Amino acid sequence: MSYRYHHPFPTRWNDNDQYGHMNNAVFYEAMDTAVNVWMGRHGLDPQGGTFAFCVTSGCTFHASASFPDELSVGVGVERLGTTSITWSLGILREDGTDQVATGTFVHVFVDAVTRRPVPVPERIRAAVRAELMEDGQR
Amino acid sequence: MSYRYHHPFPTRWNDNDQYGHMNNAVFYEAMDTAVNVWMGRHGLDPQGGTFAFCVTSGCTFHASASFPDELSVGVGVERLGTTSITWSLGILREDGTDQVATGTFVHVFVDAVTRRPVPVPERIRAAVRAELMEDGQR
Amino acid sequence: MSYRYHHPFPTRWNDNDQYGHMNNAVFYEAMDTAVNVWMGRHGLDPQGGTFAFCVTSGCTFHASASFPDELSVGVGVERLGTTSITWSLGILREDGTDQVATGTFVHVFVDAVTRRPVPVPERIRAAVRAELMEDGQR
Amino acid sequence: MSYRYHHPFPTRWNDNDQYGHMNNAVFYEAMDTAVNVWMGRHGLDPQGGTFAFCVTSGCTFHASASFPDELSVGVGVERLGTTSITWSLGILREDGTDQVATGTFVHVFVDAVTRRPVPVPERIRAAVRAELMEDGQR
(Lines give C-alpha, C1' and ligand atoms only; values in the text may rest on other atoms or scores of the structure.)
Protein backbone atom coordinates (compact mmCIF):
# COMPACT_ATOMS: atom_id res chain seq x y z
CA MET A 1 0.00 0.00 0.00
CA SER A 2 1.09 3.55 -0.63
CA TYR A 3 0.11 6.20 1.89
CA ARG A 4 -0.92 9.74 1.10
CA TYR A 5 0.06 11.10 4.52
CA HIS A 6 3.30 10.36 6.37
CA HIS A 7 3.92 11.39 9.94
CA PRO A 8 7.50 11.51 11.27
CA PHE A 9 8.16 9.32 14.30
CA PRO A 10 11.63 9.69 15.78
CA THR A 11 12.42 6.98 18.32
CA ARG A 12 13.28 7.56 21.96
CA TRP A 13 16.02 5.96 24.04
CA ASN A 14 13.51 4.06 26.15
CA ASP A 15 11.55 2.75 23.15
CA ASN A 16 14.09 -0.06 22.92
CA ASP A 17 13.41 -2.98 25.20
CA GLN A 18 16.06 -5.34 26.50
CA TYR A 19 16.23 -7.12 23.14
CA GLY A 20 17.65 -3.83 21.81
CA HIS A 21 14.62 -3.25 19.54
CA MET A 22 11.75 -0.84 19.61
CA ASN A 23 9.19 -2.56 21.81
CA ASN A 24 6.05 -3.81 20.06
CA ALA A 25 3.73 -1.59 22.14
CA VAL A 26 5.56 1.50 20.87
CA PHE A 27 4.37 0.74 17.33
CA TYR A 28 0.83 1.29 18.61
CA GLU A 29 1.91 4.60 20.18
CA ALA A 30 3.28 5.59 16.77
CA MET A 31 0.12 4.71 14.88
CA ASP A 32 -2.17 6.36 17.43
CA THR A 33 -0.03 9.50 17.41
CA ALA A 34 -0.01 9.79 13.63
CA VAL A 35 -3.77 9.39 13.36
CA ASN A 36 -4.45 11.82 16.20
CA VAL A 37 -2.13 14.49 14.80
CA TRP A 38 -3.83 14.15 11.44
CA MET A 39 -7.33 14.34 12.97
CA GLY A 40 -6.29 17.31 15.14
CA ARG A 41 -5.14 19.19 12.07
CA HIS A 42 -8.53 18.52 10.51
CA GLY A 43 -10.54 19.87 13.36
CA LEU A 44 -10.89 17.12 15.97
CA ASP A 45 -10.33 18.79 19.34
CA PRO A 46 -9.46 16.19 22.02
CA GLN A 47 -10.89 18.62 24.61
CA GLY A 48 -14.01 18.98 22.49
CA GLY A 49 -17.35 17.22 22.40
CA THR A 50 -16.35 14.19 20.33
CA PHE A 51 -13.79 11.57 21.32
CA ALA A 52 -12.29 8.92 19.04
CA PHE A 53 -12.05 5.64 20.96
CA CYS A 54 -9.95 2.77 19.71
CA VAL A 55 -12.08 -0.37 19.62
CA THR A 56 -9.69 -2.71 17.81
CA SER A 57 -6.06 -2.54 16.80
CA GLY A 58 -3.53 -4.92 15.36
CA CYS A 59 -0.01 -4.97 14.00
CA THR A 60 2.22 -7.32 12.05
CA PHE A 61 5.96 -6.84 12.43
CA HIS A 62 8.05 -7.43 9.31
CA ALA A 63 11.43 -6.15 10.50
CA SER A 64 12.92 -4.64 13.61
CA ALA A 65 13.54 -0.98 14.30
CA SER A 66 15.75 0.51 17.01
CA PHE A 67 16.55 3.80 18.66
CA PRO A 68 17.85 6.14 17.24
CA ASP A 69 15.98 5.29 14.02
CA GLU A 70 13.90 8.07 12.55
CA LEU A 71 10.73 6.31 11.44
CA SER A 72 7.56 7.53 9.83
CA VAL A 73 3.96 6.38 9.91
CA GLY A 74 2.02 6.07 6.69
CA VAL A 75 -1.67 6.82 7.18
CA GLY A 76 -4.41 5.44 4.97
CA VAL A 77 -8.07 4.62 5.38
CA GLU A 78 -9.44 1.17 4.74
CA ARG A 79 -13.05 1.97 5.55
CA LEU A 80 -14.97 5.13 6.31
CA GLY A 81 -18.08 4.06 8.24
CA THR A 82 -20.98 5.97 9.70
CA THR A 83 -19.56 6.23 13.22
CA SER A 84 -16.13 4.67 12.71
CA ILE A 85 -12.95 4.82 10.68
CA THR A 86 -10.72 1.84 9.97
CA TRP A 87 -7.20 3.13 9.49
CA SER A 88 -4.60 1.29 7.49
CA LEU A 89 -1.15 2.14 8.76
CA GLY A 90 2.46 1.41 7.99
CA ILE A 91 5.59 1.95 10.05
CA LEU A 92 8.26 2.92 7.56
CA ARG A 93 11.95 3.69 7.51
CA GLU A 94 12.80 7.35 7.17
CA ASP A 95 13.14 7.16 3.40
CA GLY A 96 9.63 5.72 3.19
CA THR A 97 10.59 2.64 1.19
CA ASP A 98 10.95 -0.11 3.73
CA GLN A 99 7.90 -1.26 5.63
CA VAL A 100 8.85 -2.22 9.19
CA ALA A 101 5.31 -3.03 10.28
CA THR A 102 1.72 -2.90 9.06
CA GLY A 103 -1.16 -2.09 11.33
CA THR A 104 -4.82 -1.33 11.74
CA PHE A 105 -6.77 0.87 14.12
CA VAL A 106 -10.54 1.14 14.30
CA HIS A 107 -11.72 4.35 15.92
CA VAL A 108 -15.32 4.80 16.94
CA PHE A 109 -16.45 8.37 17.46
CA VAL A 110 -18.36 8.93 20.67
CA ASP A 111 -19.97 11.79 22.51
CA ALA A 112 -17.49 12.96 25.16
CA VAL A 113 -20.19 12.98 27.83
CA THR A 114 -22.52 10.09 27.06
CA ARG A 115 -19.79 7.96 25.47
CA ARG A 116 -22.35 6.77 22.90
CA PRO A 117 -21.39 6.50 19.20
CA VAL A 118 -21.95 9.57 17.05
CA PRO A 119 -21.39 10.13 13.31
CA VAL A 120 -17.84 10.75 12.13
CA PRO A 121 -17.52 14.56 12.33
CA GLU A 122 -18.23 16.09 8.94
CA ARG A 123 -14.87 17.86 8.67
CA ILE A 124 -13.01 14.63 9.36
CA ARG A 125 -15.18 12.74 6.87
CA ALA A 126 -14.54 15.30 4.16
CA ALA A 127 -10.81 15.39 4.84
CA VAL A 128 -10.52 11.59 4.81
CA ARG A 129 -12.19 11.54 1.40
CA ALA A 130 -10.12 14.39 0.01
CA GLU A 131 -6.73 13.60 1.47
CA LEU A 132 -6.44 9.95 2.43
CA MET A 133 -8.66 7.81 0.26
CA GLU A 134 -7.72 6.72 -3.21
CA ASP A 135 -9.95 7.14 -6.23
CA GLY A 136 -12.43 4.30 -6.28
CA GLN A 137 -12.23 3.75 -2.52
CA ARG A 138 -15.28 4.43 -0.42
CA MET B 1 -12.65 -18.29 27.23
CA SER B 2 -11.43 -19.25 30.66
CA TYR B 3 -7.74 -18.85 31.42
CA ARG B 4 -5.66 -21.21 33.50
CA TYR B 5 -3.08 -18.55 34.44
CA HIS B 6 -3.84 -15.03 35.62
CA HIS B 7 -1.19 -12.35 36.03
CA PRO B 8 -1.92 -9.28 38.17
CA PHE B 9 -1.58 -5.95 36.36
CA PRO B 10 -2.03 -2.91 38.59
CA THR B 11 -2.38 0.28 36.59
CA ARG B 12 -0.07 3.30 36.83
CA TRP B 13 -0.96 6.97 37.01
CA ASN B 14 0.45 7.64 33.55
CA ASP B 15 -1.38 4.69 31.93
CA ASN B 16 -4.40 6.96 31.57
CA ASP B 17 -4.35 9.17 28.53
CA GLN B 18 -6.15 12.45 28.24
CA TYR B 19 -9.48 10.70 27.74
CA GLY B 20 -9.05 9.50 31.35
CA HIS B 21 -8.75 5.84 30.28
CA MET B 22 -5.92 3.38 30.17
CA ASN B 23 -4.31 4.02 26.78
CA ASN B 24 -4.72 1.26 24.20
CA ALA B 25 -0.96 0.69 23.90
CA VAL B 26 -0.79 -0.16 27.61
CA PHE B 27 -2.98 -3.22 27.00
CA TYR B 28 -0.16 -4.58 24.85
CA GLU B 29 2.32 -3.86 27.65
CA ALA B 30 0.07 -5.85 29.96
CA MET B 31 -0.20 -8.85 27.65
CA ASP B 32 3.52 -8.89 26.86
CA THR B 33 4.38 -8.64 30.55
CA ALA B 34 2.08 -11.49 31.56
CA VAL B 35 3.44 -13.81 28.87
CA ASN B 36 7.06 -12.93 29.62
CA VAL B 37 6.68 -13.42 33.37
CA TRP B 38 5.09 -16.80 32.71
CA MET B 39 7.82 -17.83 30.26
CA GLY B 40 10.53 -16.59 32.66
CA ARG B 41 9.13 -18.76 35.43
CA HIS B 42 9.29 -21.72 33.06
CA GLY B 43 12.90 -21.26 32.14
CA LEU B 44 13.09 -18.68 29.37
CA ASP B 45 16.02 -16.41 30.26
CA PRO B 46 15.80 -13.08 28.36
CA GLN B 47 19.59 -12.84 28.68
CA GLY B 48 19.91 -16.39 27.35
CA GLY B 49 20.36 -17.87 23.91
CA THR B 50 16.73 -17.80 22.78
CA PHE B 51 14.60 -14.68 22.33
CA ALA B 52 10.83 -14.59 21.83
CA PHE B 53 10.00 -11.98 19.19
CA CYS B 54 6.49 -10.70 18.70
CA VAL B 55 5.55 -11.03 15.04
CA THR B 56 1.85 -10.18 15.25
CA SER B 57 -0.40 -8.78 17.93
CA GLY B 58 -3.94 -7.56 18.14
CA CYS B 59 -6.51 -6.43 20.66
CA THR B 60 -10.23 -5.76 20.80
CA PHE B 61 -11.45 -3.40 23.49
CA HIS B 62 -14.81 -4.23 25.07
CA ALA B 63 -14.85 -1.75 27.96
CA SER B 64 -12.62 0.93 29.38
CA ALA B 65 -10.26 0.62 32.32
CA SER B 66 -8.66 3.44 34.29
CA PHE B 67 -6.01 4.05 36.88
CA PRO B 68 -6.14 3.04 39.74
CA ASP B 69 -7.86 -0.18 38.56
CA GLU B 70 -6.16 -3.40 39.55
CA LEU B 71 -6.44 -5.54 36.43
CA SER B 72 -5.28 -9.02 35.59
CA VAL B 73 -4.23 -10.73 32.39
CA GLY B 74 -5.59 -14.16 31.59
CA VAL B 75 -3.09 -16.24 29.63
CA GLY B 76 -4.08 -19.06 27.30
CA VAL B 77 -2.57 -20.68 24.23
CA GLU B 78 -4.42 -20.85 20.96
CA ARG B 79 -1.72 -22.68 19.03
CA LEU B 80 1.56 -24.30 19.95
CA GLY B 81 3.62 -24.40 16.75
CA THR B 82 7.09 -25.69 15.96
CA THR B 83 8.86 -22.34 16.34
CA SER B 84 5.99 -20.15 17.53
CA ILE B 85 3.27 -19.79 20.12
CA THR B 86 -0.03 -18.01 19.53
CA TRP B 87 -1.21 -16.67 22.86
CA SER B 88 -4.85 -15.98 23.62
CA LEU B 89 -5.11 -13.25 26.21
CA GLY B 90 -7.74 -11.42 28.19
CA ILE B 91 -7.56 -8.21 30.19
CA LEU B 92 -9.85 -8.75 33.13
CA ARG B 93 -11.15 -6.82 36.11
CA GLU B 94 -9.58 -7.76 39.41
CA ASP B 95 -12.30 -10.25 40.27
CA GLY B 96 -11.67 -12.05 36.99
CA THR B 97 -15.24 -11.94 35.77
CA ASP B 98 -15.41 -8.97 33.47
CA GLN B 99 -13.44 -9.02 30.25
CA VAL B 100 -12.15 -5.54 29.42
CA ALA B 101 -10.26 -6.60 26.30
CA THR B 102 -9.30 -9.68 24.34
CA GLY B 103 -5.98 -10.00 22.58
CA THR B 104 -3.55 -12.15 20.68
CA PHE B 105 0.22 -12.29 20.54
CA VAL B 106 2.28 -14.49 18.24
CA HIS B 107 5.81 -15.06 19.49
CA VAL B 108 8.43 -16.62 17.28
CA PHE B 109 11.43 -18.07 19.05
CA VAL B 110 14.76 -17.05 17.55
CA ASP B 111 18.41 -17.60 18.22
CA ALA B 112 19.68 -14.56 20.13
CA VAL B 113 22.70 -14.23 17.85
CA THR B 114 21.55 -15.25 14.37
CA ARG B 115 17.95 -14.08 14.92
CA ARG B 116 16.79 -17.10 12.93
CA PRO B 117 13.77 -19.15 14.11
CA VAL B 118 14.46 -22.07 16.44
CA PRO B 119 12.12 -24.64 17.98
CA VAL B 120 10.06 -23.58 20.99
CA PRO B 121 12.31 -24.48 23.95
CA GLU B 122 11.37 -27.91 25.31
CA ARG B 123 10.68 -26.64 28.85
CA ILE B 124 8.31 -23.97 27.54
CA ARG B 125 6.59 -26.50 25.26
CA ALA B 126 6.07 -28.92 28.11
CA ALA B 127 4.80 -26.20 30.46
CA VAL B 128 2.38 -24.83 27.87
CA ARG B 129 0.92 -28.32 27.46
CA ALA B 130 0.75 -29.02 31.17
CA GLU B 131 -0.38 -25.66 32.48
CA LEU B 132 -2.07 -23.60 29.80
CA MET B 133 -3.72 -25.85 27.25
CA GLU B 134 -7.07 -27.46 27.78
CA ASP B 135 -7.74 -31.15 27.29
CA GLY B 136 -8.33 -31.73 23.61
CA GLN B 137 -6.31 -28.69 22.55
CA ARG B 138 -3.09 -29.24 20.67
CA MET C 1 14.45 6.80 56.16
CA SER C 2 11.68 4.44 57.07
CA TYR C 3 8.35 4.82 55.30
CA ARG C 4 4.94 4.39 56.85
CA TYR C 5 3.22 3.54 53.55
CA HIS C 6 4.49 1.12 50.94
CA HIS C 7 2.94 0.74 47.51
CA PRO C 8 3.65 -2.39 45.44
CA PHE C 9 5.19 -1.74 42.03
CA PRO C 10 5.61 -4.85 39.88
CA THR C 11 7.77 -4.20 36.84
CA ARG C 12 6.69 -4.64 33.23
CA TRP C 13 8.56 -6.26 30.36
CA ASN C 14 9.04 -2.93 28.59
CA ASP C 15 10.31 -1.13 31.71
CA ASN C 16 13.75 -2.51 30.91
CA ASP C 17 15.70 -0.49 28.42
CA GLN C 18 18.42 -1.87 26.19
CA TYR C 19 20.88 -1.95 29.09
CA GLY C 20 18.60 -4.63 30.57
CA HIS C 21 17.62 -2.41 33.53
CA MET C 22 14.47 -0.61 34.50
CA ASN C 23 14.76 2.72 32.69
CA ASN C 24 15.31 5.77 34.89
CA ALA C 25 12.06 7.44 33.76
CA VAL C 26 10.08 4.46 35.06
CA PHE C 27 11.22 5.27 38.61
CA TYR C 28 9.29 8.53 38.28
CA GLU C 29 6.23 6.61 37.05
CA ALA C 30 6.53 4.46 40.17
CA MET C 31 6.78 7.39 42.56
CA ASP C 32 3.94 9.31 40.89
CA THR C 33 1.73 6.22 40.93
CA ALA C 34 2.34 5.51 44.61
CA VAL C 35 1.57 9.07 45.65
CA ASN C 36 -1.53 9.30 43.47
CA VAL C 37 -2.94 5.99 44.70
CA TRP C 38 -2.40 7.14 48.27
CA MET C 39 -4.02 10.54 47.61
CA GLY C 40 -6.92 8.88 45.77
CA ARG C 41 -7.61 6.66 48.77
CA HIS C 42 -7.70 9.78 50.92
CA GLY C 43 -10.22 11.62 48.84
CA LEU C 44 -8.38 13.31 45.98
CA ASP C 45 -10.50 12.75 42.89
CA PRO C 46 -8.46 13.28 39.69
CA GLN C 47 -11.73 14.15 37.93
CA GLY C 48 -12.59 16.58 40.72
CA GLY C 49 -11.97 20.26 41.28
CA THR C 50 -8.39 20.08 42.57
CA PHE C 51 -5.40 18.80 40.62
CA ALA C 52 -1.98 17.99 42.05
CA PHE C 53 0.69 19.23 39.63
CA CYS C 54 4.28 18.12 39.89
CA VAL C 55 6.53 21.19 39.97
CA THR C 56 9.84 19.53 40.81
CA SER C 57 11.06 15.96 40.97
CA GLY C 58 14.37 14.25 41.41
CA CYS C 59 15.84 10.80 41.91
CA THR C 60 19.16 9.27 42.91
CA PHE C 61 19.81 5.73 41.77
CA HIS C 62 21.72 3.50 44.19
CA ALA C 63 21.33 0.12 42.50
CA SER C 64 19.71 -1.29 39.40
CA ALA C 65 16.37 -3.05 39.18
CA SER C 66 15.08 -5.18 36.31
CA PHE C 67 11.94 -6.83 35.07
CA PRO C 68 10.52 -9.09 36.52
CA ASP C 69 11.44 -7.57 39.90
CA GLU C 70 8.55 -6.88 42.23
CA LEU C 71 9.42 -3.51 43.72
CA SER C 72 7.67 -1.27 46.19
CA VAL C 73 7.57 2.48 46.74
CA GLY C 74 7.97 3.86 50.23
CA VAL C 75 6.00 7.07 50.69
CA GLY C 76 6.91 9.74 53.24
CA VAL C 77 6.41 13.48 53.52
CA GLU C 78 9.31 15.84 53.91
CA ARG C 79 7.27 19.03 54.08
CA LEU C 80 3.57 19.79 54.29
CA GLY C 81 3.15 23.34 52.97
CA THR C 82 0.13 25.58 52.52
CA THR C 83 -0.45 24.74 48.86
CA SER C 84 2.18 22.05 48.32
CA ILE C 85 3.50 18.73 49.59
CA THR C 86 7.12 17.62 49.28
CA TRP C 87 7.14 13.84 49.14
CA SER C 88 10.11 11.77 50.20
CA LEU C 89 10.12 8.49 48.31
CA GLY C 90 12.11 5.30 48.13
CA ILE C 91 12.13 2.55 45.53
CA LEU C 92 12.66 -0.65 47.48
CA ARG C 93 13.12 -4.32 46.81
CA GLU C 94 10.08 -6.45 47.53
CA ASP C 95 11.22 -7.29 51.06
CA GLY C 96 11.51 -3.59 51.84
CA THR C 97 15.09 -3.71 53.03
CA ASP C 98 17.17 -2.67 50.06
CA GLN C 99 16.83 0.86 48.75
CA VAL C 100 17.20 0.90 44.96
CA ALA C 101 16.59 4.62 44.57
CA THR C 102 15.60 7.68 46.60
CA GLY C 103 13.44 10.42 45.18
CA THR C 104 11.50 13.58 45.75
CA PHE C 105 8.31 14.98 44.26
CA VAL C 106 6.83 18.39 44.97
CA HIS C 107 3.12 18.60 44.19
CA VAL C 108 1.35 21.92 44.10
CA PHE C 109 -2.42 21.77 44.42
CA VAL C 110 -4.26 23.85 41.87
CA ASP C 111 -7.82 24.62 40.92
CA ALA C 112 -8.73 22.35 38.00
CA VAL C 113 -10.20 25.24 36.03
CA THR C 114 -8.09 28.29 36.85
CA ARG C 115 -4.89 26.26 37.41
CA ARG C 116 -4.03 28.64 40.28
CA PRO C 117 -2.65 27.28 43.58
CA VAL C 118 -5.16 26.37 46.27
CA PRO C 119 -4.66 25.06 49.81
CA VAL C 120 -3.85 21.38 50.24
CA PRO C 121 -7.29 19.76 50.59
CA GLU C 122 -8.15 19.34 54.27
CA ARG C 123 -8.66 15.56 54.02
CA ILE C 124 -5.26 15.12 52.42
CA ARG C 125 -3.63 17.38 55.00
CA ALA C 126 -5.17 15.46 57.88
CA ALA C 127 -4.23 12.09 56.39
CA VAL C 128 -0.64 13.16 55.75
CA ARG C 129 -0.34 14.18 59.40
CA ALA C 130 -2.00 11.04 60.71
CA GLU C 131 -0.54 8.43 58.43
CA LEU C 132 2.69 9.61 56.86
CA MET C 133 4.46 12.07 59.11
CA GLU C 134 6.55 11.03 62.06
CA ASP C 135 6.16 12.44 65.55
CA GLY C 136 8.01 15.70 65.73
CA GLN C 137 7.71 16.34 61.95
CA ARG C 138 5.62 19.23 60.77
CA MET D 1 21.16 29.25 29.98
CA SER D 2 21.63 29.04 26.26
CA TYR D 3 22.24 25.62 24.72
CA ARG D 4 24.59 24.87 21.87
CA TYR D 5 22.74 21.69 20.81
CA HIS D 6 18.99 21.33 20.40
CA HIS D 7 17.27 18.01 19.83
CA PRO D 8 13.72 17.94 18.43
CA PHE D 9 11.18 16.15 20.61
CA PRO D 10 7.73 15.84 19.05
CA THR D 11 5.13 14.70 21.56
CA ARG D 12 3.03 11.55 21.29
CA TRP D 13 -0.68 11.10 21.92
CA ASN D 14 -0.07 9.01 25.02
CA ASP D 15 2.44 11.48 26.53
CA ASN D 16 -0.52 13.40 27.91
CA ASP D 17 -1.85 12.09 31.17
CA GLN D 18 -5.39 12.55 32.38
CA TYR D 19 -4.71 16.16 33.32
CA GLY D 20 -4.27 16.75 29.57
CA HIS D 21 -0.57 17.60 29.94
CA MET D 22 2.62 15.85 29.03
CA ASN D 23 3.31 13.61 32.02
CA ASN D 24 6.31 14.55 34.16
CA ALA D 25 8.09 11.23 33.51
CA VAL D 26 8.08 11.97 29.77
CA PHE D 27 10.34 14.99 30.37
CA TYR D 28 12.98 12.53 31.58
CA GLU D 29 12.46 10.43 28.43
CA ALA D 30 13.06 13.58 26.41
CA MET D 31 16.26 14.53 28.22
CA ASP D 32 17.65 10.99 28.14
CA THR D 33 16.85 10.70 24.43
CA ALA D 34 18.53 13.98 23.54
CA VAL D 35 21.70 13.12 25.43
CA ASN D 36 21.87 9.59 24.03
CA VAL D 37 21.35 10.72 20.45
CA TRP D 38 24.11 13.29 20.90
CA MET D 39 26.48 10.74 22.46
CA GLY D 40 25.65 8.19 19.75
CA ARG D 41 26.58 10.68 17.06
CA HIS D 42 29.88 11.20 18.83
CA GLY D 43 30.82 7.58 18.97
CA LEU D 44 29.13 6.03 22.00
CA ASP D 45 27.77 2.68 20.84
CA PRO D 46 25.06 1.40 23.23
CA GLN D 47 25.96 -2.14 22.10
CA GLY D 48 29.63 -1.39 22.72
CA GLY D 49 31.93 -1.82 25.72
CA THR D 50 30.95 1.33 27.64
CA PHE D 51 27.53 2.11 29.04
CA ALA D 52 26.36 5.47 30.39
CA PHE D 53 24.29 4.89 33.54
CA CYS D 54 22.10 7.59 35.01
CA VAL D 55 22.95 7.98 38.70
CA THR D 56 20.94 11.13 39.46
CA SER D 57 18.34 13.14 37.61
CA GLY D 58 16.06 16.01 38.42
CA CYS D 59 13.62 18.37 36.74
CA THR D 60 11.81 21.57 37.57
CA PHE D 61 8.63 22.30 35.63
CA HIS D 62 7.98 25.93 34.74
CA ALA D 63 5.03 25.56 32.37
CA SER D 64 2.94 22.78 30.92
CA ALA D 65 3.30 21.18 27.52
CA SER D 66 0.76 19.02 25.70
CA PHE D 67 0.46 16.77 22.70
CA PRO D 68 0.71 17.69 19.83
CA ASP D 69 3.38 20.23 20.84
CA GLU D 70 6.66 19.97 19.00
CA LEU D 71 9.25 20.49 21.72
CA SER D 72 13.00 20.53 21.70
CA VAL D 73 15.64 19.66 24.28
CA GLY D 74 18.55 22.00 24.82
CA VAL D 75 21.70 20.12 25.80
CA GLY D 76 24.52 21.67 27.82
CA VAL D 77 27.18 20.35 30.17
CA GLU D 78 27.50 21.59 33.72
CA ARG D 79 30.47 19.47 34.67
CA LEU D 80 32.80 17.16 32.78
CA GLY D 81 34.27 14.79 35.36
CA THR D 82 36.74 11.93 35.14
CA THR D 83 34.12 9.17 34.90
CA SER D 84 30.94 11.22 34.77
CA ILE D 85 29.15 14.01 32.94
CA THR D 86 26.60 16.33 34.54
CA TRP D 87 24.22 17.48 31.81
CA SER D 88 22.28 20.68 32.02
CA LEU D 89 19.08 20.38 30.02
CA GLY D 90 16.13 22.47 29.00
CA ILE D 91 12.77 21.48 27.54
CA LEU D 92 11.88 24.24 25.14
CA ARG D 93 9.03 25.24 22.89
CA GLU D 94 9.63 24.65 19.20
CA ASP D 95 10.86 28.18 18.62
CA GLY D 96 13.47 27.71 21.35
CA THR D 97 12.50 30.78 23.35
CA ASP D 98 10.23 29.51 26.06
CA GLN D 99 11.65 27.20 28.70
CA VAL D 100 9.04 24.64 29.75
CA ALA D 101 11.31 22.77 32.16
CA THR D 102 14.91 22.67 33.33
CA GLY D 103 16.65 19.45 34.23
CA THR D 104 19.83 17.67 35.15
CA PHE D 105 21.18 14.21 34.42
CA VAL D 106 24.38 12.75 35.81
CA HIS D 107 25.73 9.89 33.71
CA VAL D 108 28.51 7.68 35.01
CA PHE D 109 30.39 5.71 32.38
CA VAL D 110 30.82 2.04 33.24
CA ASP D 111 32.35 -1.03 31.67
CA ALA D 112 29.51 -2.96 30.02
CA VAL D 113 30.67 -6.22 31.58
CA THR D 114 32.04 -5.37 35.03
CA ARG D 115 29.69 -2.39 35.50
CA ARG D 116 32.57 -0.54 37.21
CA PRO D 117 33.23 3.15 36.43
CA VAL D 118 35.62 3.91 33.57
CA PRO D 119 36.89 7.24 32.20
CA VAL D 120 34.58 9.24 29.96
CA PRO D 121 35.46 7.95 26.46
CA GLU D 122 38.00 10.25 24.82
CA ARG D 123 35.81 11.01 21.78
CA ILE D 124 32.91 12.04 24.00
CA ARG D 125 35.19 14.15 26.18
CA ALA D 126 36.63 15.96 23.18
CA ALA D 127 33.20 16.53 21.64
CA VAL D 128 31.75 17.87 24.89
CA ARG D 129 34.60 20.38 25.08
CA ALA D 130 34.34 21.37 21.42
CA GLU D 131 30.60 21.41 20.95
CA LEU D 132 28.78 21.83 24.24
CA MET D 133 30.89 23.74 26.73
CA GLU D 134 31.20 27.48 26.71
CA ASP D 135 34.51 29.31 26.78
CA GLY D 136 35.71 29.48 30.35
CA GLN D 137 33.76 26.36 31.39
CA ARG D 138 35.68 23.29 32.42
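Here the chain labels run A, B, C and D in written order, and each chain numbers its own residues starting at 1.
Please note the rule applied: a contact is a pair of C-beta atoms (placed from the backbone, for glycine too) under 8 Å apart; a residue touches a chain by one contact, two chains touch by 3 or more.
None of these values were measured; they are calculated from a predicted model.
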{"item": "Homomeric contact chain B-chain C: same or different residue positions, threshold half", "value": "same"}
{"item": "Label of the chain whose CA centroid is most distant from the centroid of chain C", "value": "A"}
{"item": "A-D or A-C - the one linked by more C-beta pairs in contact", "value": "A-D"}
{"item": "For chain A paired with chain C, centre-to-centre distance based on mean C-alpha positions, whole Å", "value": "34"}
{"item": "Chain A-chain D separation of Cα centroids, rounded to whole Å", "value": "29"}
{"item": "Residues of chain A engaged with two or more neighbouring chains", "value": "13-14, 18-20, 23, 25-26, 29, 32, 46, 67"}
{"item": "Footprint of chain A on chain C - complex, ascending", "value": "13-14, 16-20, 23, 25-26, 67"}
{"item": "Touching residues (chain side chain C, partner chain B) in the complex", "value": "8, 10, 12-14, 20, 29-30, 32-33, 36-37, 40, 46-47, 67-68"}
{"item": "Touching residues (chain side chain C, partner chain D) in the complex", "value": "18-19, 23-26, 28-29, 32, 46, 51, 53-61, 64"}
